[in-house]
Amino acid sequence: MNFQHPYSELLRTDRLPHIWCPGCGLGIALDSFCMAIAEMKLPLDKLAVISGIGCSGRIAGYLNVDSFHTTHGRAIPFATGLHLANPELNVVVFSGDGDLVGIGGNHLIHAARRNLNLKVFCVNNFIYGMTGGQMGPTTPPGAISATSPFGNIEYAFNLPHLAASCGAVYVARWTVLDILKLKKSMQEALNKKGFSFIEIISPCPTLYGRFNNQNTGVEMMRYFKTHTVHNPKANLSEIEISHGGQIVVGKFLDIERPTFMELYRKVVQERVKRTLDEKYEEKAYPQEHT
Amino acid sequence: MKTEIRIAGLGGQGVILAGYILGKTATIYQNKHATLTQSYGPESRGSACSACVIISDEEIFYPHLTNTDVGIFMSQDGYHKFNREAKDSALLFLDSDLVKPEEKDAGKLLFIPATQIAEKLGKKIVANMVILGFLARHSGIVTLEALREAVGSIVSKKHLELNLKALYQGYNYQVEKVR
Amino acid sequence: MKNNHLPLSQSHFINGNEACAEAALLAGCRFFAGYPITPSTEIAEHLAERLPEVGGIFIQMEDEIASMNAVLGAVWGGLKGMSATSGPGFSLMMENIGLAVMTETPCVVVDVQRGGPSTGLATLVGQGDMMQARWGSHGSYEIIALCPSSPQEFFYQTIQAFNLSEKFRVPVLLMADEMVGHMSEKVVIPPIEKLEIYPRRYTLKPPGEYKVYQRAENGVPEMVKAGDGYRIHVTGTTHDERGYPFMNEETQKELIPRLVDKIRKNHKELIDTKEFFTEDAEVVLVGYGITARTLRWVAHLAREKNLKVGVLKLNIVWPFPDEVVLNLAKKVKALVVCEINMGQMVREVERAAKGFCEVKFMGHPGGGMHSPTDILEAVQQVKA
Amino acid sequence: MALYITEECIICDACVVPCPNQAISRGQPYVIDPDKCTECVGAHDEKQCVKVCPVDCILPDPNRREPQDALLAKYQRLHPA
Amino acid sequence: MKNNHLPLSQSHFINGNEACAEAALLAGCRFFAGYPITPSTEIAEHLAERLPEVGGIFIQMEDEIASMNAVLGAVWGGLKGMSATSGPGFSLMMENIGLAVMTETPCVVVDVQRGGPSTGLATLVGQGDMMQARWGSHGSYEIIALCPSSPQEFFYQTIQAFNLSEKFRVPVLLMADEMVGHMSEKVVIPPIEKLEIYPRRYTLKPPGEYKVYQRAENGVPEMVKAGDGYRIHVTGTTHDERGYPFMNEETQKELIPRLVDKIRKNHKELIDTKEFFTEDAEVVLVGYGITARTLRWVAHLAREKNLKVGVLKLNIVWPFPDEVVLNLAKKVKALVVCEINMGQMVREVERAAKGFCEVKFMGHPGGGMHSPTDILEAVQQVKA
Amino acid sequence: MNFQHPYSELLRTDRLPHIWCPGCGLGIALDSFCMAIAEMKLPLDKLAVISGIGCSGRIAGYLNVDSFHTTHGRAIPFATGLHLANPELNVVVFSGDGDLVGIGGNHLIHAARRNLNLKVFCVNNFIYGMTGGQMGPTTPPGAISATSPFGNIEYAFNLPHLAASCGAVYVARWTVLDILKLKKSMQEALNKKGFSFIEIISPCPTLYGRFNNQNTGVEMMRYFKTHTVHNPKANLSEIEISHGGQIVVGKFLDIERPTFMELYRKVVQERVKRTLDEKYEEKAYPQEHT
Amino acid sequence: MALYITEECIICDACVVPCPNQAISRGQPYVIDPDKCTECVGAHDEKQCVKVCPVDCILPDPNRREPQDALLAKYQRLHPA
Amino acid sequence: MKTEIRIAGLGGQGVILAGYILGKTATIYQNKHATLTQSYGPESRGSACSACVIISDEEIFYPHLTNTDVGIFMSQDGYHKFNREAKDSALLFLDSDLVKPEEKDAGKLLFIPATQIAEKLGKKIVANMVILGFLARHSGIVTLEALREAVGSIVSKKHLELNLKALYQGYNYQVEKVR
């Protein structure tokens, strides 16, 4: 990208061009997010983005907000601490399928269960991109990858179903083709109180595509275009993604449930009697400037 | 004798494969020692990418290039980034359409429109074979016969003919300009 | 038996874990994430009650990996944070202790050591994680680790651990052991005014002028927190001053020596040992944690028999006090290192002693303490 | 007749490189500079951008109809040598 | 470039990771569980193709913790098993490497070291996990670790690793580095008849007479596998000969010394070093892995300048060859230890040298190799 | 227990009495399993039981079969290796809620996704028993525990829903009261090919009960008795367990899907050409007796 | 009238300890020895096992009706001192 | 003066609490040094369980018992398991209904039906208080006043009266048999 980017104030322009391959969907996902926050006029100083490790994991680093590039799989617990320490922040976890549901799967399901006020945007490119194209927990059965040279024999997670079954209050899936709907969905999540999960289907032509007869980003996009079905009323248990099958997209769930932090505050107010003297309070709290 | 070779270009030009073939040719078909090291990882995808080959009659201890004897450059970027450590007397093989050498560059420069030749053969991707053939002719590091065997051991039957054709065309290419 | 609303600045009869928890609160800790594991769980249980009382956050995470990361997140969110665990959980934390090192995130991790390896002796004492504290995460780094030998010391070292972590921006490891954690003793909690508590060193620079990993005092960058407008980037990948990842040798050569030198160059400040009867000692017993108390008892018994035995007690074990050991090695016949493991810090003593004296090891595989008479016997053998 | 890009554009970048006239650049979402677009006349038989666009969001601009020779002239103006 | 059906017993031009994978197959490995991580992934990728071809099992697990446990399960199911990873994954494996130690499960773990700590330099060389290999899991244990310095050595050491793991029933760690893993060189695969391959030492006793943790040769119990009617119990908790858990000091005192002594008492067998030009050397360079090659090059350059420089190359790094170092220390002016980290094995050299000679350290934080001329300069300084 | 146990040949009698508290449900769960295998006349030499760490984790060790007491949370991946190395074994994972869905949650969901032929029996006592009664991922909201002294503010997993959403082919829930149905369910799972999950609700009077006004095992059993509803047709998304609410039990799912090992074998047969000489094969395989 | 235990028994062990006559032991599932059960006569006012059984699966055995004094006699036989 | 005290019984008899109260009494209300160590974990639930208290005028280095001076045993099992290390002259306090001492046991034995007394007071669980009161009277390790204060600082208001009553009854109990 050697033109002036319309969201340059949202991006760390001194880090561009990004490292992603031509045709990669990650730029689009990043763009949608920029669009979403630009339009909402979200106070950028109160936005924090956390990623794990992976191609997708580089998203945090391009955004000109407080951003954290943690270890592989650990974006959610890191975000948990950040969120609880400062509940005023709007905390977004933006990372890859391998990162969030491969090695990081346990954190995902527990964070959803706790209904932490986190917004998790999971870029599903069906593959471990950064490490060179190994199969992962979202690779469709049959697909070829560096570690499934004879075709993947594992089933893939149905991520919206998984997130919902653990207690997420907002669940959606879009492909990077659905850029405006994706943007809107991100905005809804950012406005939502509680654990929100958006699966973003994105092409990795370099690795997933190349192994599976879709050599360019454009080819993969065309594939998405012809296979996408918008059906927000779909039965969540029936929307797994298969090789060559439909990709059902939509906002599947949007419900209300008190968050962890709301309940924590309630407990503190109702049950805890503060018994400590003021002095103690004062001195012990971390001080701002010294 | 020890020869240090740097091959550089863009991801997708078959730079690493060229290095691999050189190394295999030397070790398996010419009974020499060789090491191949290369740039890895996503930061190199799409951008400048390089392979280092050392070929020697004796055991090679240190696999990093300290004094490049031969450079093969298939992109301007690769040339810029990796030509620094070439020694003054280095022999440089350049894709004439893709690389414009700097004035200051000493040593011997050999040009071949490898990519163009490959395109004419029907597949841009065999430019690396063209340049290997060219190298065999003008450097004496590897023989054409050994190269051919190495290529035969690696390239699938389906594509072998094309690859060999590219190799030969590189070998037989008449040098245009030497500087 | 729970001291729910433990009043401050008075004497208590509490166990080491409770002392640690209370000290953490005094040191300013307002975030704890942990996962239950014997024999550290009382720290979590105590803080589960106490943190809400002081406006802090307690969360039990799904495992130790999550706990460690939650602590790091909370620190960048502006709180002082801690976790506590024991061997198996400590092993699981290793990767992200490395993240703390790399991102220079101040925090405290307590390891109440039990018998290992593996599940080992879940409820019984061990001191087998001492080398792990120094070397358990991959890559090259330096770290600070402390060893308390009583609940009272556990109390003070907890505060010291928080202070050092803020000062040097490294994770500080509190290597307690089951005995110290579970034993109850009198613990005096001094008035907070009497305690030295380091606040976080937040930068005074405005956002434009600040770089998140720019060297400041002692090579340690100044801190900010998320939400303050600095728009920082923090990564566990090799990074430059701005925190931007750069995967190359040059950036590594800038970064890693600085991280290591924060500790190495300030090594003098981090020597914390205590000697007993070493002036005239011919044999010095070396130990830490609960074992240091056994050694003091042995020295007491030995002196009764007119044996010139002294004790070197290590309070800060990492960085290792090379000079202290070398000086002793130059003047004694032997250093006898006692630990509840099969030989860990003894290797450091051997190294630091540089052959100047005999170095003898008396190990114990865990589940109990050394018998004072066994040590006494060994000492007598040295003298012969 | 220059082309324009509809809202359906997914900002995938695919059309930028193949355009012989560097007519496409980032806007809201992407925009084609009508002063530069020659419908590929002078360079290719097919409209390169239309060919690659995965979502078929590049359409002829009805307000900008240009005859073949005007397009060719434009191309020559853009590529003087 | 993939050698899908790599023919046997001939010469190949392959990288270290591929050589390791092929060697594993020759050593009898029929189970691999792993998780992708640069720069080790080629081992998994190669075995993903090759294991099904030889009737073995390849599975990519959800993380490194699962990978390590799957390997242990497979070993008890009767296969030889291996995993491969790099720093961050190695850190995650630590807890269950401890389980392997405690349950005496033979297996091989490859760590292709990259620059650390944390995510560090994912694609570039490092040697910063050397101490972690020895001390990364909690509790007291001994372990075996090897360091290859070429693809050919990686090949042989992989077989050696499997053999040693079967012989001593310990996890054996293959501490390669990115250079050795990614570099291609000629690798000669000898005919399988020429290779010494240890089969598993299954017991000959019938079920009634067999106890799963009864001492046998070298203190190492004989093995059985699940499904053979022995009805074993295997636990990571402190256990008796029958494998029953007993959480007390006595059982610990029986078990742990045996586990440690398997290695310590057979230490002689586990010395594997190589010396070059040490007979008359005044300065000996000490190193392992890719660095050992640099050192041989430096020695070569030094000899050209008539400097009496030798090289000590460590093949088995753990247990550390104390005697070898001590003997050298007694006859040279200095030992110069070079490693791609900020100082790890140098501490062992210091310890083993017992003050008999100067020990100098030349580190490198990772992402590249030492410059031979820098080392040469340092050597010349010693001589002055 | 100081009487002759009717399943003494199935148990390691030299390890009895067990360490469980009076009134604990774990003995009942163990008994059901003994009943199940005794009745089926399962070849005991081909049965392997794996546990993690916890009170429940002690189950493996009491059974007189090949049994493995692994690390906390890791029973499933260990079992995965064991199963794949010797697919003839009937591999049962028997462990606790904290072990299997707390720290071990990621392994659970991935094993279910892969449809590994494992039988997972999860004893849910709503608490971390072994470590002294801390809240866990199944502790009902509001419950008191050592680490939720003011009442638990987290939501609990709905385990059958979670297992089903990941791809388990057999899913059931019983309380230890339903001893005969539990036994039958265990038998079905043992006969099933594929990932089977049974949640066993069990009283922990010592810790969960004591904190929550149910001081004895008998009291807790009475509670279960009055709150259990057998409804195998229940909508899985609606059967979470709350403090004082219904406990819906039943066999909820029993479907067919090729297992990981079946697909692995298929791939090997169809795609892999064996190219190695026999000698190699022979020497390299681990040998039985030497 | 001695008692018997139905199939609904969940083997919870609760009834074993309180029985004053050690009449209850492990069987299929649990069994009450009719020669020992005195319906608690001689020891308690209430049937201890019935009182504790969480699933109410201990019922009077209709085939084993015994008068109060027989039960008392049985108790005294069982507890001689 | 240093006194090593072993308290043993079954889980649920308040053994650990008794130890804790002793330690707190000594340290906080009698200005002595004291350590309390105890058996932990599930293996001890329901079965024999014990607490070790050392009370001393000087700093206590070694917190393990080496030579028990005083034993308090509330179950036969605890007595069997933990009486081994008592020294010959040890003073043993036994619940007369629950513990039958062995012939060989030397030292001074003091019996009190603590559990029975507690049951009569309405709550078996306060047997530990009874025995502490008894100990205070017959050992001189702690004073009744200090004990009372310690109990007051720990036991909730609701249960305090009962606990103190138990303490006094133990203190005032007339020794039946001394052997």
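Here the chain labels run A, B, C, D, E, F, G and H in written order, and each chain numbers its own residues starting at 1.
The working rule: a contact is a pair of C-beta atoms (placed from the backbone, for glycine too) under 8 Å apart; a residue touches a chain by one contact, two chains touch by 3 or more.
Quantities reported herein were computed from a predicted structural model and do not represent experimental measurements.
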item: Furthest chain, CA centroid comparison against chain E; value: G
item: Of A-D and E-F, pair with higher C-beta contact tally; value: E-F
item: Separation of chain D from chain G, taking each centre as the mean of its C-alpha atoms, in whole Å; value: 94
item: Inter-centroid spacing, chain B versus chain A (mean Cα positions, whole Å); value: 42
item: Inter-chain centre distance, chain A versus chain C - centres from mean C-alpha coordinates, in Å; value: 36
item: Chain B-chain D separation of Cα centroids, rounded to whole Å; value: 39
item: For chain C, residues contacting two or more additional chains; value: 38, 52, 62-63, 65, 88, 95, 99, 118-119, 122-123, 235-237, 247, 368
item: Where chain D touches two or more other chains, by residue; value: none
item: In chain F, residues with contacts to at least two other chains; value: 22, 69, 71, 103, 105-106, 110, 130, 137, 150, 264, 267-268, 271-272
item: Contact footprint of chain E on chain F as seen in their complex; value: 12, 14-15, 44-46, 48, 50, 60-61, 64-71, 74, 76-86, 88-89, 106-107, 110, 264, 267-268, 271-277, 279-281, 283-290
item: Contacting residues of chain B [partner chain E, same complex]; value: 16-17, 20, 23-24, 27-28, 33-41, 43, 60-64, 66, 154
item: Chain F residues touching chain C - in the complex, by the definition given at the top; value: 53, 69, 71-73, 102-103, 105, 128, 130-132, 134-135, 137, 146-150
item: Chain F partner contacts - residues on chain E that touch it in the complex; value: 5, 8, 25-28, 30-31, 33, 52-55, 57, 59, 61-63, 65-81, 95-96, 99, 192-193, 197, 199-202, 204, 225-237, 244-245
item: Chain C-touching residues of chain E, taken from the complex the two chains share; value: 65, 86-88, 90-92, 94-95, 98-99, 101-103, 111, 113, 115-124, 126, 128-129, 131-132, 134-142, 235-238, 247-249, 251-253, 255-257, 260, 341-344, 347-348, 350-351, 353-356, 363, 365-368
